[in-house]
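Which chain is which? They are A, B, C, D, E, F, G and H, in the order written, and residues in each are numbered from 1.
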Amino acid sequence: MADVKVIILMGSDSDVPAMRGAGNVLEQFDVPYEVHVASAHRTPDKAMKLASEAEGRGVKVVIAGAGGAAHLAGVLAAHTTLPVIGIPVASKHLKGFDSLLSTVQMPPGIPVATVGIDGSMNAGLLAVSMLALSDEGLAAKLKDYRLNMASKVEEKSANLKNIW
Amino acid sequence: MADVKVIILMGSDSDVPAMRGAGNVLEQFDVPYEVHVASAHRTPDKAMKLASEAEGRGVKVVIAGAGGAAHLAGVLAAHTTLPVIGIPVASKHLKGFDSLLSTVQMPPGIPVATVGIDGSMNAGLLAVSMLALSDEGLAAKLKDYRLNMASKVEEKSANLKNIW
Amino acid sequence: MADVKVIILMGSDSDVPAMRGAGNVLEQFDVPYEVHVASAHRTPDKAMKLASEAEGRGVKVVIAGAGGAAHLAGVLAAHTTLPVIGIPVASKHLKGFDSLLSTVQMPPGIPVATVGIDGSMNAGLLAVSMLALSDEGLAAKLKDYRLNMASKVEEKSANLKNIW
Amino acid sequence: MADVKVIILMGSDSDVPAMRGAGNVLEQFDVPYEVHVASAHRTPDKAMKLASEAEGRGVKVVIAGAGGAAHLAGVLAAHTTLPVIGIPVASKHLKGFDSLLSTVQMPPGIPVATVGIDGSMNAGLLAVSMLALSDEGLAAKLKDYRLNMASKVEEKSANLKNIW
Amino acid sequence: MADVKVIILMGSDSDVPAMRGAGNVLEQFDVPYEVHVASAHRTPDKAMKLASEAEGRGVKVVIAGAGGAAHLAGVLAAHTTLPVIGIPVASKHLKGFDSLLSTVQMPPGIPVATVGIDGSMNAGLLAVSMLALSDEGLAAKLKDYRLNMASKVEEKSANLKNIW
Amino acid sequence: MADVKVIILMGSDSDVPAMRGAGNVLEQFDVPYEVHVASAHRTPDKAMKLASEAEGRGVKVVIAGAGGAAHLAGVLAAHTTLPVIGIPVASKHLKGFDSLLSTVQMPPGIPVATVGIDGSMNAGLLAVSMLALSDEGLAAKLKDYRLNMASKVEEKSANLKNIW
Amino acid sequence: MADVKVIILMGSDSDVPAMRGAGNVLEQFDVPYEVHVASAHRTPDKAMKLASEAEGRGVKVVIAGAGGAAHLAGVLAAHTTLPVIGIPVASKHLKGFDSLLSTVQMPPGIPVATVGIDGSMNAGLLAVSMLALSDEGLAAKLKDYRLNMASKVEEKSANLKNIW
Amino acid sequence: MADVKVIILMGSDSDVPAMRGAGNVLEQFDVPYEVHVASAHRTPDKAMKLASEAEGRGVKVVIAGAGGAAHLAGVLAAHTTLPVIGIPVASKHLKGFDSLLSTVQMPPGIPVATVGIDGSMNAGLLAVSMLALSDEGLAAKLKDYRLNMASKVEEKSANLKNIW
């Protein structure tokens, strides 16, 4: 745990299914990470502390997911100059539409790198691409990952005649 | 200024026109108030300090307005148990639709009393109605205000034949 | 029942599941309340009578929930100067989006303190925060409630490793 | 004025431009009508009185226009069994989208016959079509009106070569 | 069948559940009606013929329901000067939002009296209110219906303690 | 005019600016076309006649533009088996959002080839691409058009340093 | 396979149920077609190659379906001057609303003929109508198809009394 | 120009005003960058070439802005494993709502780091934060920038009394 590169925060433990994709990707790329439940509203001090101290601990990227009036990513971004990736978690009634607007429409000065609704896998890949800027091994792995993904699409296309 | 009852916060001084209505109402009801520019993202520490210390200073109600990914009211509500009134300020592109969802769709546990887009006059009246719960003079004034408002509508109706 | 502090109105008894959270909170804080089915459209006279007479009976806060063209909170607010909290109840087709706009976009002069879609728990907490302005015991309970809520988030975070 | 057939109500005198079309049509068809400013929120008693007494006075159709959380048509419909036509008036920020949902999404039991945003001309025509059900002269005029409208479209088409 | 007063058209027989409410109401008020499947797109000639011939047959009101790009009510309104009531039927993906806009946003000159999404019961009541303009018996029944509806709400309110 | 290949219809002559782009493209490709004002609602018979007779006259493609509850393209498609291209014309209040849904969400069986809001230039190009399927000269011109378009983008890119 | 007239591409094999309607129609009209999985993002080279080479192989129409940020149809249209029909596939959270806007709102110069959400049957019919422009047999079949469709609606109408 | 770190692409030179903020920030932080007009639809080969060759040239971050069916950022992301930042440029009719959904709702595997509508300043800051992960001088400048930004908010708050 000494060299955690990414921290993942979510507003509630009910967000685990929507967020797990980020962990899956980071594990696949052997990127050490930590995961926390921290709410911008219910435990703001913890959330801010995690953000403020991240850079000093060697963390490079913060990933945050929340639903509804999703303030978590923005609040974390206000307390660190590390890149913050925001995942709008699908909400019960408005299906993540509220989460998306609350995450992406940040005011000038404090960006949140927003992915799609429940887009945790892409959040993980975006974090890897940032880390890969100064890690050639990771950059090479990322290229392999892409090729592998293309191959799988090809296999599906070849198999299409069986399910069409 | 010793007995400030309401504090008004806005994310940017460009929000003044959208927020002035709250001040107008409070002045009309002789409710002492303070106004601050404080951003959930650019000056989060100031915003939180204002919220955390408000109750100790005798403040009763917090009014907050912001646009876009409007986190200000929610962030303030996370740092005080006083009632927080949120004003979704009209945004340039999405016309306050993003501001509204970011303000109102708060998670269970931390409410924001949300008014309409650019609804600062109503935010002021809502604050007055809360203060009036323990101030009979204010309650009486509020009833007069309503009667006066109805009279004005009546005048407009009487005058309608001239502009129809 | 002599000292009812909050009245809860809903447009239909099918709204009970969406509204029960307000009752849960009020019970938890020992705030006496009443609950009624009253429709702005089907029983407007009853709705208005409840609103008009509330203050005289010592009621301090009105909570109203309705779905679709949700006029109930606005109609009640037109007949009392007490603070009215509006709960946009999720509708079948538009998922509460219509309810939200119908509740929150009130004209200048008659505010409704709107919470999120199906946000009855927050409506209850908002009512408590208003009552707490003149009740130190309630104010203290509200602070405890917040601390307790933060502890629960902490427990969930500590337990996250088991469900991640 | 003794035999007013239609009453037109609007929430504010600023709605006159959006509402005038209804008056134009009624005048063109020689249908006697009255016009009032009456707000569901600011002068609810007047609004309800107008609705409740309409049928007794020989009124046949009620037309109501309002913007934002547009409750006027619904509130009137709650106080009369005459057909009520609702005009969602374009609102400043959400462009009548809120007005439309607030007007049309009425609960089962209390219908509002809703026309398009700022659709006052169509509200007038709809009222005429209802009155024409028991007035053959009016029905004949309505058919002429349609033919005349078609002729004007034809003229425009013929003239198209000049403006294309 | 000689004295059919209302015709109900729907774009597809899959719309029956969404449309049945109109029939229920008309039966309850003993208003004779007919029902047809007729598509603005798949059987336009039939749809137009039904509209064009309606008035000559003594029909007074046309009710039409369709989903998606819901053109049926508008197309019928183009072929009759009788009042046309449009029911936006809930669509699979956009939940009737497309149906609503396609039904209500008619151009000046050709109104459609639009009710809420899947609002067939209200369409029936609206038709009854139009017929009642020249039928005192029906007008009296409509008033009874309202009182009865209010009583049912009262019963539900009285019973609320058992389900709260 | 003997060999008109495309007919362009619009609901109102106020749509000319939004529709002119289709004419510009057709002229640029030397495709003979006709233009008409014809409303699905105000002159339905003319609209249907134009659609029904088009194929017999040698017309290959129908282009139709309308705003709001934009039924024109769908109604034309119901009366011809030629390809119908629909242009959702920007509406005053909802900015073409209603026009888009009314045009594109057609029921199974009757397609409308929909382009973007006010997308008349693309409607023209789409018509050309359909005609080019059996006209090699036109197909060659269309390829040149694309290359020319790419060159213009390149020029703009080269010139970017002057306006950045 | 030598004379494939239509190629159908989809972004993922999970789109098969939403896309199958296009194949059904083409089979019904004996139009030879091919189907591929090709992603604008995961296998862009394959997608572009299929588009670029289509015309040379005798293909006449390209049908593409994708969901979310649905770029496939637009990307294909950028690499061919054949008509490209876009099917916005319903997405999990936003129900195809994102897919629709991503598909239809193309910039001037590169059109996509967009059908409704999950409108694959209509995409097939639109392709047939384009091919029929230079194939009289196909044009005749298309007319029969329409008549048959109308008959089925008539049958449903006749049967309505049994299910009403 | 030898050590360009960021490339900025936009779909049209009309996007310059919406995109200039990214250049301003990069200049303020002395980050060398290049700017191009390249369209995913009109010059797809150029766009892809710029993306494919970026990493080999030492580029670290790609910023792309487009409006409407905004495919540019996604198409670039499909051709590079560098982080791609997408700016949804405000569109004429739907105000960037279409651009936002087209940019952010990317499928699993190919992320785009999306900022708010017209959020080019934040795109620049996000790029800087990524570069700062391996450049301590830049990281220090970014912290200064934040402090400076907070000071300016403070000045505005102090000056608020003059403009309130």
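Brief remarks on what is shown
In this section, contacts are C-beta pairs under 8 Å (C-beta built on N, C-alpha and C of every residue); 3 or more make two chains touch, one makes a residue touch a chain.
Source: prediction; values computed, not measured.
Here B-H and A-B were compared by C-beta pairs in contact; the pair with more is A-B.
The two copies, chain D and chain G, are related by a rotation of 180°, based on C-alpha atoms and rounded to the nearest 5.
Between chain E and chain H, the centres computed from C-alpha atoms are 51 Å apart. For the pair chain B and chain D, the distance between C-alpha centroids works out to 35 Å.
Taking the mean of the C-alpha atoms as each chain's centre, chain F and chain G sit 19 Å apart. In chain B, the positions touching at least two other chains are 12, 39, 42, 68-69, 94-95, 97, 104-106, 109-110, 112, 116-117, 149. In the complex of the two chains, the chain F residues touching chain H come out as 90, 95-97, 116-118, 146, 149-150, 153-154, 156-157, 159-161, 163-164. Note for the complex: chain A touches chain B at residues 11-12, 39-42, 44, 48, 67-71, 74-75, 77-79, 91, 94, 97-98, 101-107, 109-110, 112. Across the interface of their complex, chain C is touched by residues 12-13, 16, 20, 23, 35-39, 42-43, 46, 68-69, 92-95 of chain A. Against chain A, in their complex, chain H makes its touches with residues 21, 55, 60-61, 81-83, 85, 100, 104-106, 108-117, 119, 121-123, 125-126, 129-134, 139, 142-143, 146, 149.
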